[in-house]
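As structure tokens, here come the structures.
In the two complexes that follow, chain A is the common piece, with chain B as its partner first and chain C second.
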Partner chain A sequence: MSMQKAVDNNRSSNAGLSMDNQEKLLADALQNVRQHAFAMKRVLDQQSVMEGLKHAANMLGELRTSLLSPKNYYELHVVVVEELHHLELYLTDEFEHGRGSHDLYEVVQYAGNIVPRLYLLITIGHVYIRANELPRREVLRDLVEMCRGVQHPLRGLFLRNYLLQCVKSLLPDTEEENQEASKTGTILDSLDFILLNFSEMNKLWVRMQYQGHTRDLQRREQERRELRILVGTNLVRLSELECVNVERYKTIVLPKIMEQVVSCRDSIAQEYLMECIIQVFPDEYHLNTLNEFLKACRELSASVNIRNILISLIDRLTAYSTRDGSQQNIPENIQLFDIFSEQIAEVVKSRINMPPEDIVALQSALLNLSLKCYRDQFEYGNKVLENTRKIFDNIALDTQVQTGTPAAKELVKMLKIPIDCYDILDVLKLNHYKLVLQLLSYRERHTVCMYIINSILDKETIIPTAEQVTQLFELLLTLIIDQTDSALETSRQTITNEDFVEEQNLVARLYNNFQAPNDPDQQYHIIKICQDTFKNGGLERMRFTYPPIIMQAYALTFRYKNIREQDEKWEKKCQKLFQLCNQLINTLTKLETNDLPLRLYLQGALAASEIGSENAETIAYEFFSQAYTLYEEQAGDTRAQSASLTLLIGTLEKVTCFAEENHSTLRQSLTQAATRLVKRPDQVRTLLLCTHLFWSAQRLNESTQKSEQVHDNEKVLACLKKATKLTTQIMDQSVQVQLYNELLNTYIYFFNQNLPDIDITLLNSLIEKLQNEMSKISSNENDEFIRNQIQKTFDYLRQQSQLEKFQGLQINN
Partner chain B sequence: MLVLVLGDLHIPYRVSGLPHEFRKLLTPGRIQHILCTGNLCTKETVDYLKTLTADVHIVRGDFDDNPNFVDQKVVTVGQFRIGLCHGHQIVPWGDIESLSMLQRQMDVDILITGHTHKFEAFERDNKFFINPGSATGAFNSLNSSTTPSFVLMDIQQASLTLYVYQLINEKFTVERLEYRKA
Partner chain C sequence: MATIDADNRREIARLPSRPISLEDRYDPPANFLEIEVLNPETHGFGNKRYTDYEIRMRTNLPVFRLKECSVRRRYSDFEWLRKELERDSKIVVPSLPSKAWQRQVPAFLRRDDGIFEDEFIEERRKGLEQFINKVAGHPLAQNERSLHVFLQDTTIDHDKYVPGKVRNS
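On to the complex of A and B.
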């Protein structure tokens, strides 16, 4: 084509690139194609080969256009190839029936225009080879050379693609020539063919970059990317050849491909093709050509994104090496770590403008390789972490990586890799891990720490020694103590901040995984370490972190008791633990709510009682009275007070280590406290609970050193009478009746316990009273419920009245 | 109708989480109701239960951080009135007579309580008493060896099948009990 025509075509192609115009052009072209195809098929039906070829040539003429965008050209191409297939089938059929024309290959060379000519040559050549009309080797060589005639990038690419697809099954894939048919060619010829086709296609593809105006550069690059698969198909075809082995790949295939990739100096081509090579050829080949491949990487153009290529390769080889769970796929002599470590260093050195996030991404891939391929050799992973830290130290010493930057994101990704690969006990062996963690700003450190804790909890990893706990705390410091670079003001680190609560609860949960199952002394050590660490976190954090320590300390006293035969110091150790808990709970009382400290003290009293060590009574009494003091401070919150008192009573009923003196003091205090509650119904109900303190509660008999039940019937009755009296003072009749019912039930309880002075007569009088009171209340819904409750009591009594014990019970129906 | 009954988890005060054998079993969409005896103790665990089903009933345990949970609840499933209470409010703790009193007061067919960290299921005067134990096997001063346990009730009209899931010496066991309402 003359220069002028080329320019004209370009201009008109720009004009033709508006959407509507393109649609119309394509539609017109397709219509023409179909018309010619129809004509072709019609004359072929009449056995007119020459006429058929003429129509085919006309049809193929549509592919000469410069006006269509690559996408639309592709659509046209698909239809044309489909129609061309008919011609191919016809000719093949003719040959199969011995009617084939032998000179078509020559004849077609006289077709007027080169594009139709070449398509026809390829089609016929294909048929002739299959029919053994022409020697395969010669024809293939011929065709791949002749395609040079089309130098227009778009047309050339599609033409050569058609060539490749056509000869797909014809490419010789044998070591030696086929003896029967002559000149069939060998694998070497196929390699020549494809490699030449590939080279030429790549050249055309690169040339597209420079076609047209600079202002359309972005569009052209996009169009180029759309066509990349056409070039890549050559590489795929190469990988499908069976006679290509490692040796051939190394000596023939790869060098030729690399030559083209490096020399074309086009970054789009280089990026795509390097990636394509990695994906298309087996990992075994890559292992054997690492040096060659990496050398070529170094020679790539400066704007190529080498990071992704290297990472792609490293990741593939990492996956290959650990396939099937074994680490034996890599031969001994290939030290992957060293090779890539060096390579990355080279790349980083040579590309001075490489952004830090790319460097980190490369280090991440290398870390991944180290942890997966050299699983038990921590020095590799450590080395990578150390180098990463060094890189940033060289940029700016003692400076944090700014939050939210790509570099920060890559560092976070990097730090997650060991957490995912190993359990935390192994991660702690990577002593340079914290060096990299320290590079990050508050927000990213926070993210990593949360990730670490969640990983430990999900994997249910136990951390069994104080030393490991200490090491872990070094990593998690961001969550444990106030950070100088935290964006949060201290006022936001309270229970009103949901995120803060979530985070601290996570730390609390983690604490429970610090367990030394067979070594109570080690457990004690852990407790001390944690207390020392957590106390620096401020009261708002201690609210969350202290309770689990305290509960674990109580549990530890039981473990010491279990080994008392082997450890003569067990009682002293328990004492120390209780003292520690006392101290910790005391700190917690500074928080505005007394609920938790109170309950923790009561748990301590219970534990001391059950342990029964030498100072158990003193400790239990101390804890109990502390709880009582806290209770008194709750005056003003009636609901909380009532709940706390109930708990105090329930606990005392179970604590068995108090001698009479202490027990008596406590019994009295709680009973009096019950009468001092603000609301009458609370007073009554709590008094009813207190009755048990005088009955089933146990105190220590100092002479026998055994616990006995109090069984003080007088006091029980006194409580009941007091409760009854208070009930009479209630104004709300419904509530009053309900309480009479509860009173009756309590009397029945003690009647069943054979308390002296509670007899059938007493029960009968209570029943009568209740029946009277019942008639006074209304019949609204709430009162119906109360009535029902009373009925249930009466039903129960009726049932019991069958028993001998209940003889004489007057319960009418 | 499947009803999950569990409680006394004590997360994070005494344990770090539910045993993974239990977590694997408890998947969303299979349970219609959850009855929780309390002592979860934090919102995180409440939210977790709500992912299993929408109908979650919780009563107040002595260590729950939410002061607004009620002390007692009655829920009707099938033909059963079910009462729910943590149990630390019942003195003496775990006393059968006192529990019977509570059952009468609440007028329920089934009374579910916790606090002792010990699984129990028995019938008394044709009323049923269930304690699902501690789902995490949390430490308890009065019960030196706590086994992680929870209960699944399958209620069809007037019949109740109880499935008890326990982790005994790290072995996962399931037991089945049946009751019928008179």
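On to the complex of A and C.
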């Protein structure tokens, strides 16, 4: 006997295996099925039940094959079941019209081969129960037991699956028997039925792996996986019964299922069935059977991936407890956290080869649970983080987790959980968070820090106290100062590296979220802390991190000014802030761009001027002269110099706190600087700007302590004349004409300002000159722009010529 | 109805059955036997060459002392086994792949390498594998000491060998 089976296994697996062979076998089988089905339908139309059954039996004979792969057998099965349905409909119809035969249940048992016999028996049984021909309970019991006759795994699985599908609507789902009909059965009978079917199917399913040569084991395992839903359907059916309550689940259903799952010692079955149980039954059931379920988990075979099962369960219960936004779905007596925490520890202890990433994944799920279900009790989350750190300390104290490993990835995922759940102020309350962060290598720490910053910026969280800022910086240290384990990265920290720029920009943006809304002193404290932290970051980082500090400091001086009634020390505080900024900007001058520090100095001068505190003039002058020095250092770069000078002039025009002595020094310097610029057009333009320094710029009148405009006519005219003279020396015709236009515009401005010595005659002569010069420029596209500018000037003048002031203006087309 | 009348008609009543134990349900079946013939190697030089094969066996049948073993055997060992079984057991022993006399004609008269040709060796290997699987699976052959010596002793010591029967261990 054993020889024959062993040999048959080898033969059948070799014969049917090739793809083409399978296709042909399936096609042949399908054709036979259709032929028999056709014959069956034809004789049924003629009311010959016996003939119909005979053809049906022939058709079902195709399901006796051992040669098809499970996938192909399934396809065949589907078609056969479809055709069998016709028989069922026909018989049901007969009974409805009172023409049913009463002995079919016995007749079909004379069919020669067991597979067709049982399929027919199930079909007839189904019809008879529905038609009340036979008592339900007896028939169901009969069918589920008789299916034992097919012990071949594949055929048996599909047969029992057909049984399950057929009785879907027939399973009794009541507490007590129906009084009218006899022996209809109760919920307990249904449970017996399904549990027996389940245990038989599981047995067959597990047996599949032994069918054939050991070299084909992988293929068989894959085929088993494809068929798993057949076994799982039993569990689904159990979950659909309404009379199953928590009590029955706990005492009957779960223990019976677990018995099979644990004792089969097959990892494919165990993994699938445990997941199935979690998914298929409602969460209240799981809550009430946690201990039993978790105990069974510990008894699973060693190669089962228990991590996914536990995580699945934890996540499901977490979702359940936070459904509808409340945390009240879990009854008081079930301490979810404690139970899982304990059980996970047990599982980890019992599986010594569990890889660290699995342990971390479990801790992550637990962390998720504690943060979502116990939102305001930080000690739970803290405990999980502490335990995680301990696990790694036990493996290797003070060693980092290697970058890129699965364990590192899981740790990163874990650290993201609190960031997602809470805002950063609550995260800071988890004081063991940084313990876990320190476990990671540079690249992962970097990822987590970026994530944290992005989260703060997205959620627009405000961080109001210096202490919290300090705690936050502790976490973000990886981005702020050079790390000992980032040798490769340090070499790439320049502004040419896009990632570095992005990273530091984010750190800088973080600034805007450090706000102590009602407490300027606290804000000052924050600024100091930021400075203390960032000064260790190296020059390249300071390029990004210092400017926000400086700008915030300036903003803070304004705040102090606003509360000057309440705070008598406000001026000293402003002084300290400006000194701080001076120091910081000074550091920045070591960078190669002079533009940034120059602008920051000028901004400072403006701020000091607006504040008007007692030392404002000294401070503003100091800043201004520093800016001037930086300008002088730009000697080699004409374009930069010209731009910087423009900035200087513009700023001076706005600064109002200089007394005459300082103001005139600055006016002179800037005007001379204008004439010393290398290119003529720059000289002209800048001189024109300087005219405003002598007119609308304001200086402080010492006696009245009020600022007044300079209004120095002579100097204005001198500048204008000089500018005109320089313009005549320009060789490029188009540029010259353009500048004449700009000159004219400036003269018009001062004419409107009623500067003495600028009268209509002067304007007319300028207009005439311009009109003459205009003819010299070409008519190509480049000069189109200049022509338009001039046209605009003339249009303006024409408009104004109506006014009394402009009487005598000579402008023609 | 067939189901109800069972109480009155004992001849068609269901036989009482004991539920099967959990071990019997899920344990691997106790009839596992796999024998492979692999790795043919030709040893020696010139006229004194011969080819042997690895016989690898895995089983959980109780009658075999070792559950896993691997030995090397040559064609003449198979012939010896067949002779022993034909004499001592009552089974009709299947035939071996052919002796290939043609191929054993002297080398200078043949165009190819005779019995050391790769194709031929592969053909022979398949035949030997079929042979040994059929034989070892037969319960009556499993009782013969010759089979056990062939499959599980590292070398067949013809001096020490005494024919006999093996009972279940």
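Just so it is clear, the second predicted complex is superposed on the first by the 799 of 813 C-alpha atoms of A that agree within 3 Å, B and C clash if a C-alpha of one lies under 4 Å from a C-alpha of the other, contacts with A are read in each partner's own complex, and residues count from 1 in each chain.
To be clear about the criterion, a residue touches a chain if its C-beta (ideal position, glycine included) is under 8 Å from a C-beta of that chain, and two chains touch if they have at least 3 such contacts.
Values in this document were obtained by computation on a predicted structure and should not be read as measured data.
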item: Partner chain(s) touched by A:G149 [first = chain B, second = chain C, both, neither]; value: neither
item: First, second, both or neither for A:G404, with chain B first and chain C second; value: neither
item: Partner chain(s) touched by A:P517 [first = chain B, second = chain C, both, neither]; value: neither
item: Touching partner for A:T214 - first (chain B), second (chain C), both, neither; value: second
item: Contacts of A:E502 with chain B and chain C, given as first, second, both or neither; value: first
item: Chain B versus chain C as contact partner of A:V206, first or second or both or neither; value: second
item: Partner chain in contact with A:Q603 - chain B first, chain C second, else both or neither; value: first
item: Winner by number of chain A residues touched, once chain B and chain C are compared; value: B
item: Touching partner for A:M551 - first (chain B), second (chain C), both, neither; value: first
item: Set of chain A residues, in rising order, touched by both chain B and chain C; value: none
item: Chain A residues touching chain B - in the complex, by the definition given at the top; value: 457, 460, 501-502, 505, 508-513, 544, 547-548, 551-552, 554-555, 558, 595-596, 599, 603, 606-607, 609-610, 639-640, 646-647, 649-650, 653-654, 689, 692, 696, 741-742, 745-746, 749, 752, 788-789, 792-793, 796, 799
item: Chain A contact footprint on chain B (complex, rising order); value: 10-17, 20, 42-44, 62-63, 67, 88-93, 95, 97-98, 101, 104-105, 107, 125, 139, 141-142, 144
item: List of chain C residues in touch with chain A within their complex; value: 1-4, 14, 22, 25-26, 28-29, 31-34, 58, 61, 133-134, 137-139
item: Residues on chain A engaged by chain C in the complex (per definition of touch); value: 1-3, 5-7, 10, 105-106, 109, 134-135, 138-139, 142, 145, 199, 203, 206-207, 210, 213-214, 259, 263-266
